[in-house]
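Listed after this line are the structures, all set down as structure tokens.
Each of the next two complexes has subunit A plus one more chain, namely subunit B in the first and subunit C in the second.
Showing the complex of A and B:
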């Protein structure tokens, strides 16, 4: 399509907008900055994986209806996978959040990435909470009758009635998962757009810089050869295309 | 490193050397690992499912509590009857300083406890001539007389051994003892839930009234406290059995355990206000001077980025 033909095309405009937001090479890059070399980075992807399991087990529960799992052994097992995937989701997400805090991961215009991560956490709190209210068992009775006071005191309970099992179930299986899904998608897009935040102290990570003294492993007595590099080979001649350079 | 150098530290990840990194492979392995771990945890630990308390169960386990609760609903002294917004105008609700958020939200879920929980179900059930006569007396009486009868009976039940209605001394109770006993009979028959939730509609997906009635009694709370689920037992974040519950609510639940929240009549409003401020603070860390620099001073980042790829002089 020529530039003239593209002018006025909503489709072309959307394509260009998407390409500016996250350039094609940045969506799924097969290289990462060399400093991405810690187990803490795994927890972001672990939380994403467990979120998928939460959704999958929830969908299976949806097929049987809200009370199916009380009377069916397989349904109860699916409910158990739903519960434990939620527990794992929160565990990995909280570790991910703390990791990002200690990295000050909002640096370099990544504030919105931090905010969307926080909103995903709060949205997940609400989703899990409505899940507990939707169990149609004693836990639901107790948690809803206890929680109503806080929500009512904040003026929220007038619109979000935790005693209304039908309303809570609908929020749990549609509105809140949709909200969390959109926020998580935005979060991932922002991560891919801006890249992984560099080290607070860049010394030793950039070409021409020296690792700080404290980072040097002690030289073993009698060791003749210098220690081998601990990381895979790095390339300084190749960079992942940036959103900035494309826009 | 000098302050000047730190301030100029690059934050563009694309300036740094790269190394091969297979995101799709990493995600696939993560998904497989989490799937296996979830299945293992589900198979080994299962999940809790204590059955919901029924009104029949309540009536059989603690009939005196049902009678006392019914009398309290008629007297307007139960938690729900004296709640305020969003159920009624009986009180102004909790305050957050000068803010009356509860009252401002309005009575959007109107519940007349006496009518919705006792008189309405009994009228619909058509429970015989004695109850019919008691209902006619109740409905014909002025509000002041109703209040006096029900309050007298509630007080008498409180004074009776174990709250036993049979041990209540004679007094000016009007039709209230008959109505309260009739409520107990409906509960024992197992029809009270239906009368509370589907009396006016075929599909009952909103048990608000039934839950309010259940919570007005003491049986629900006694059962929960026996499972260490009370409000002062970190109950909001726990669930039945030895399961982790919602540990992510620990901070919210924490405030209820300490003063002044634990003893304040506005505890819920105060805790929600505090949590709103803290939550906003968490979201806005990147723009809060001092807080946004805290990670640099804590130094935990050195455990994360502890292996520079460049050799000395490299």
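Showing the complex of A and C:
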């Protein structure tokens, strides 16, 4: 296809846009900087693994229906798997958040990565809340009657009625999982685009201060062959030794 | 079913179970910072 023909092609434009967003070597890198060899970097992917377990167990519960899990032993097992994977998801996500907060992980033009992580957290809170309202038991009734006054006082009770079990269930199994899924996907894409944030002592500057002059152009870790430059460099962190070069 | 045991500090109250979960998360966070990661070789070189 000629360059003129590509200009009018939306598939070619989309392909170029995707390649610019996350260059090929950064999508699934086989090498990471040496500082990533720490347990604190594990909790992000643990959150993702927990989220997959949440989705899988939730799909089984969806097939059975809202009250199916009460009626048989397998239902109890799937319901418990759903609950405990959510507990694991939140625990690992919060530890991930603590780690990134103390790393000041918004450095190096990673602000949007930080923001999407925060949005994923708050979206997950809403999803978990509607899940507790969808248990179809006395606990969900108690939670809904406790929550209604606050939501009514905030003026949203008419649109988000916690006493309406059907509405809460639909929010829980369609709208909010879609929202959280899209935000998490954006978050992961941004992490792959900008790379894992280096420790503060690797870049030599603290949050709130001016970053030092960059000694050399940024080089993405984990990329086998540098792609042809199509726009200004996307990686903004300073060059750091890779795990392979240090060992 | 027995009632949950709650801890009280002024206006703050939290169930013992939730408090223990938070303590466990803090412990895991500290351990993640302190424990060596398998396969990392550079610590002994310094």
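The working rule: the second predicted complex is superposed on the first by the 202 of 247 C-alpha atoms of A that agree within 3 Å, B and C clash if a C-alpha of one lies under 4 Å from a C-alpha of the other, contacts with A are read in each partner's own complex, and residues count from 1 in each chain.
We take it that contacts are C-beta pairs under 8 Å (C-beta built on N, C-alpha and C of every residue); 3 or more make two chains touch, one makes a residue touch a chain.
The structure displayed is predicted, hence computed values, not measured ones.
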Open item on the list: By the touch definition at the top of the document, which applies to A:25: first (subunit B), second (subunit C), both, or neither?
Closed with: neither
Open item on the list: Between subunit B and subunit C, whom does A:37 touch in the aligned arrangement: first, second, both, or neither?
Closed with: both
Open item on the list: Between subunit B and subunit C, whom does A:126 touch in the aligned arrangement: first, second, both, or neither?
Closed with: neither
TODO: Go through the superposed model and pick first if A:138 touches only subunit B, second if only subunit C, both, or neither.
DONE: first
TODO: Scan A:95 for contacts with subunit B and subunit C and give back first, second, both or neither.
DONE: second
Task: subunit B versus subunit C, judged by how many residues of subunit A each one touches - done: B
- [ ] Identify the partner contact of A:155: answer first if only subunit B is touched, second if only subunit C is, both if each is, neither if none is.
- [x] first
Open item on the list: Going by the contact rule set out at the top, does A:181 touch subunit B (first), subunit C (second), both, or neither?
Closed with: neither
Open item on the list: Per the contact definition in the header, classify A:48: touching subunit B only (first), subunit C only (second), both, or neither.
Closed with: first
- [ ] Go through subunit A and flag every residue that touches subunit B in one model and subunit C in the other.
- [x] 34, 37-38, 40, 42, 87, 94, 99
Task: Complex contact set, residues of subunit C against subunit A - done: 21, 25, 28-29, 31-33, 35, 37, 39-42
Open item on the list: Touching residues of subunit A toward subunit C in the complex: what are they?
Closed with: 34, 37-40, 42-43, 87, 91, 94-95, 98-99, 243, 246-247
Task: subunit B to subunit A touching residues, read off their complex - done: 1, 6, 9-24, 26-27, 30-31, 33-35, 37-39, 41-43, 45-53, 83, 85-86, 93-94, 96, 101-102, 104-109, 205-208, 211-212, 214-215, 220, 223-224, 229, 231, 235-236, 239-240, 243-244, 246-249, 266, 268-269, 271-273, 276, 279, 282-287, 292-293, 295-296, 298, 300-302, 304-314
TODO: Using the touch definition up top, name the residues of subunit A that touch subunit B in the complex.
DONE: 28-38, 40, 42, 45-46, 48-50, 52-53, 57, 69-70, 76-77, 79-85, 87-88, 90, 94, 99, 101-104, 106-111, 114-115, 118-119, 122, 125, 128-129, 132, 135-147, 149-159, 161, 163-167, 169, 194-207, 209-212, 214-216, 226, 229-236, 238-242, 244-245
